[in-house]
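So that you can tell them apart, the chains are marked A, B and C in the order they are listed, and the count of residues begins at 1 in each.
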């Protein structure tokens, strides 16, 4: 299987928190980082998700927000991966930004051209990738 | 009413599953396919959604993921519409991909240029459109 | 802290509705408008959100849908900000649209070029910005 989701992280399910309609899935990825996903309960069941199961997290580049100048402000996005900008590819309206993570992986984000300018993003700059738990798709190998 | 959501599917509510904050709505569309939406409970009430009610599902092109080479891997995305690529429109950073569905409709997706290349998308290629239940907006005619 | 989220609204928490996995947060912003956010329960706790607390709502431009010709149709998007188009910036695949709000603020949206044409968007035209409660990120100052 191949998907257009630019970001794919392989990991192991660390926890499953049950709700009435939605469940919260904690996935431990390379380097011990954690990705949190909110998926429907029916998906948890059909994918057979439980602690220890191997799974991957897919995140569209357009769901990722870039943060710089972190001064301790808190955000509701459950997922925050910190690293360094390794690529800035500008388009007419959007710009693609790639952040290299300490563990060796990378995360891509699509933001507006205006935002890229406002954040003065350039190679080597410290930045974090933020994404909501509800933006994460969980997959299991066949 | 007109919206910028590229994808709009008319259907009938088949089921409403209640949660504390969110509800799950099943919409049956043309050709018997099903679209699943997660919306807040308050919206279910204010829209008067219950089985049999006519409603439409709106999905932004940027919320749709394209999948090819389906080898049986499972994903948490509740919505999967399979068809054939009918259009690939490249931009500087993003590419628009349209998939024609067997029932006669079509679904548009915005993915990164890199992903379009990696998937080798071209007219006629088999592909699926995936989107999360939480990316679907439900509307009812006035 | 700086983020790439083009839309940021400062306000005060008006209500917190508790669910099993997700909570609903009502934020009152400038001019008395309300923004509704769905975030995980753990985020509500870690941010210390309760009525009266100052917080801001972040919304990515790509999460915003533009609506025109509002004829009373109802949608499940909990958030709807009405105003006038103040900018249309076309790209190859996407177009950026900015809507000026009566209270003095503005909201930016990224939509497909095709949608912008179909809606005949131009400066001065009445339009609404719609976004799902699940697309909103809540932040609190440090």
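Following the convention adopted for this analysis, contacts are C-beta pairs under 8 Å (C-beta built on N, C-alpha and C of every residue); 3 or more make two chains touch, one makes a residue touch a chain.
Everything quoted here is computed from the prediction, not taken from an experiment.
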Type of chain A:chain B copy interface by residue overlap (half), same or different: different
Equivalent-chain rotation between chain C and chain A, CA atoms, steps of 5 degrees: 120
CA centroid of chain A to CA centroid of chain B, Å: 21
Of all residues in chain C, the ones touching two or more other chains: 19-20, 22, 38, 62, 91-92, 94, 110, 134
In the complex, chain B residues that touch chain A: 17-20, 22-24, 36, 38, 62-63, 65-78, 91-94, 97, 109-112, 114-116, 118-119, 130, 132-134
Chain B to chain C touching residues, read off their complex: 1-6, 19-22, 37-40, 42-44, 46-47, 58, 60-62, 89-92, 94-96, 108, 110, 134-135, 137-142
